[in-house]
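Report on the structure given below.
By written order: A, B, C, D and E. Residues from 1 in each chain.
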């Protein structure tokens, strides 16, 4: 695959009124790459994807595509890019007509039935069962998959997906995963996917970036510990957990501020350690362990009272400690490890 | 909590044309319980939830609520039940008015501001930032959370949620989880939640049922292996994987039929076993391990070529084999273990 | 062509000089349409909601009949109402003939189908999730109607504006039922018809401009009200 | 009252006996409205789409003006058009006065605002995701217009039905421009006006019934076409 | 070959009585010219003539006609026929005008304040009414509560008079039609008739070809010639509505 940048963004700014601003000082996306976008709700993922698909124009700055500025009338260029929205909208037509619509507006009239059949197959919807259904005769996940099929049929050069698996069942998520992957192999499609499902995302993309408060950040999952933080005598602040235990933190800027804890800052122990300088030693149960292919690391989730804390470990450490889901562990972190946004 | 059944369904049938029928011969849901509903797209989850919320009437059969048949004019009863739809719809009003609407129609005019503030807090949306926003000035996940807040504010006796975390970020999913749990504790709310996120689901519910092709099944996750199955000389059928390996199965009913394999039917080995009667011995990498609290078992996912296979193990076995995500394992299962639907 | 130009001048003159005949007609028009609009909304909006919201057998047929009534000629409405309220008619006792309420009654018959049909379409065009959401939130009966109409507010507003346009511009029924009696039931439109019949084309145009100014004023008012509601 | 009943009898008689004057008026009405509907759709639908789809400064003002034109009285339209196509008018050479195309031109002016306003509302009432989805799927220019109108098809249809109702029932412009010339420009409505003017109320009602039957027939036709499109 | 068409503007009375329907076929047979007419108020008919939109006028408002011809818009005004106006009113005759002279009748109505319906539309009939008020030495009423200005055609004005128990001035032809509808039971009856002042003169005027170059002056002349011919005049005399003669021909036959 080529590595010439397909997209180059320079000083791009987009605003909604005065409550949100997305700013991308620079970003380049190589042709044929597969980029994941994650981040909290309202971070700006959808906004970024709309800019990349030329559905919205930036207020400031330029987006170069293939080294060129794109103007509105460059239909042949913008038609090579297609986006699937977070809440897909189906045209008030049959499933067949929905999937075939993109071909029709491109005047590609050959072999439509076969192509529609193929696209529906890719998303796991049998043609004979679904092609003649009306748009409203579908379940939530089926509708989402029809919308995806209507994008896949276009063989786009850039495929942009916003939460494509939100209400899709696990089998279909897998199917979509396969479909998208084979697409990339066959056509060298550039893929940009926003999702909250970090695991699923890491299986389809080469790299993940995070959009938070309108700024791009490198992806680094974090634990969140919401307030209230109560000031105690020894200069620390504590948050009470539902089972009576406490988490201690150094100088949160406000009582209700949420503290962030990086998974790499948490140490996992299989026995209760003593004589340690860390303020926080919390017992918990491992609920999940995930192999992160991009980083070759294991993410471990443990439940501590009502919290679920994520820790990043090496494979070797996991093996050495003989960790497994359901096992009791102790999580250690310093009161000073918290970051406040 | 009481265990007198809140819902009792007897011979309930609902149909869409002739392509879908949901049939529930009998089902009883105890008051104060928390039930999860999962299953493939188009299985009938949403349909079931609509029946339970009395938004739709069954074609046949009766739904008893609190031991009574509910008629349409029993507003005081049906108002105790509220449902959040899979694709939430916000009224074309401000966020405040959306959340307050349910109180207003109930003529509960006291303390509305405080209640709205509380409900928005529950879903992690600061009142001052969001209350005055118009319905369209929200990101996908924010909108979903506003819709949830508009349900939570009602303190319903039964809270029915259809995919409440579909486009919600992980922090918020946690928050919602907490909110819902504290709700149940405070008010004894009965909770019915449909979701594809099995892990999230198992953290909020006491038991999970599965709806597939309009029938209730006990929840038992399965692996799916789609065709095509090629007939071979030795009486077996094989499916070729993308890396050239094969899966063998006994007499699939059709070439394209999908085979189902129960996670409990797969044996996991850390060394390549020999001299075994099982036809399938496949090397793979562990991608994820999850502790299933309801069943006190560990589910392990392993990637085998393009497939992701799920295996169910005891905690002891996981500990003994020193399994961890990223480790290479061998999955063993018999050609006769496949079930065909 | 001169007529148009002269009509403009005359319209300004009529309005500026406070011409009593013109103002009498303006107020009569306003009284009549206020009455007819109010009554057609009271009748038409709930019926339109029901036609748009509920599914029942024969719905499509009812709809076709209502749509047909959009083609009711004003003179025919005038004739029908006249038959009822003329002295020899069954409602002659009420003394509605040649009165403002009489005209308003005829106009109500004329414009209620517009309100019904356009309201029904407005309700039908709503997102299919709305109804379920309202019920889920606890709305019942009248609350569902009110909330649905609010969701469809712009489309319902246009229904009202269209009905208003039809009422204030119609002449056949006003003529027939009102009798175009000067100082009493002469509306702007019957005055226009009269002046045109006299060959006073410029005056006819002038009165037409007066009427349109009135409508423009009301529409701008509406525009500001709309802007106030949704920032 | 009697004449309502007599009107029914007479309507049946006129239609059954193949009364040539009635049929001539029916066909004239059909010709006129076909022309005026066609031209108002050609002009009004694209304009209505633009008004509903695009945001531009002054949009709300334009909208208020279009809505005001819904209140155009037919006689005023008649006068305005007359001023242009009278022999002494700037377009007198075309010889449109007292002709069917002349009436159609006047009606077009009358009903185009209805088409524009209701189409704009139909487009505005569409889901906000539609436009983006069409662009994402590759629709451009005219394709977006066509697909949006298809999505709003019922609301656009009602726009057409409303405009049709206004056109076929209007009398002022037909009278002024057409002249109500027997066998030539006499439409059903001008015939009704004539008969009513003569005091032939029963005949007026009969012709009104004929007109409504025509409208009913067309609406039922539409209903069946609608059913065929969406099973 | 283009049809020979003569476009006429006439008043509603000639059309509503059916006179033109009765004459037009014979005119066509005699001259090959098709007569098309628009029936409007006299004022509007004159306006149409002034704008060159019609070729010939057939109207009944002598004073306005004279002005019109003097202004050069029309030429060759010829008297064709007349009928007469009558005062009608409720059978009970509250002002007691039955059999009185026109002037007396109007004075009684005005002093008693008996309801009177006026067309108030500048039509020939309305102009006649105004002249009669003036001739009676009375101010033309306007805002008086008994004076109902309908601004409508004759039949509607009669209807309003009937509803309001009012007097009104009408041409005889319209009243004959009105009366016939009631089958001998009409609430309004003829109270004053036969006065010389009540004569209603109809004339034909050709639109001036010097002002209007498109006008089909030849045809207009042909019509004027034909309608004043003995044959046409005889037809007019023979024209009957419900058995009653309506018009008296009085053309100066050349």
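The rule is simple: a residue touches a chain if its C-beta (ideal position, glycine included) is under 8 Å from a C-beta of that chain, and two chains touch if they have at least 3 such contacts.
Every value quoted in this text rests on a predicted model; they were computed, and no experiment measured them.
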Using the touch definition from the top, how many steps at minimum link chain A to chain B? 1
Work out the mean Cα position per chain and let me know which chain is farthest from chain A. E
Between chain A and chain E, what distance separates the C-alpha centroids? Give it in angstrom. 87
Once you find the CA centre of chain C and the CA centre of chain D, what distance in Å lies between them? 17
For chain A and chain C, let me know how many angstrom lie between their CA-based centres, rounded off. 54
If you average the CA atoms of chain C and of chain E, how far apart do the two points sit, in angstrom? 36
Going through chain E residue by residue, note those that touch at least 2 other chains and give them in order. 156
Shared-contact residues (touching 2 or more other chains) in chain C: 127, 176, 193, 196, 201
Sites on chain A at which at least two other chains make contact: 87
Contacting chain pairs - touch in the sense defined above: A-B, A-D, B-C, C-D, C-E, D-E
Listed in rising order, the residues of chain C that touch chain E in the complex are 86-87, 97-98, 175-176, 179-183, 186, 190-191, 193-194, 196-201
Can you list the chain D residues touching chain A in their complex? 127, 129-130, 132-133, 135-140, 143, 147, 150-151, 153, 230-231
If we count contacts the way the header does, which residues on chain E are in touch with chain C in the complex? 40-48, 120-123, 142-143, 148-152, 156, 160, 163-164
Could you please specify the touching residues of chain A with respect to chain B in the complex? 16-17, 19, 39-43, 45-46, 86-87, 129, 133, 137-142, 145, 162-163, 166-174, 178, 181, 196, 198-199, 203, 224, 226, 285-291, 293, 296, 298, 303, 306-308, 315, 318-319, 322-327
Help me check something: in the complex, which residues belonging to chain B touch chain C? 50, 53, 55, 75, 78-79, 82-85, 87-89, 91-93, 101-102, 105-106, 134, 150-151, 154
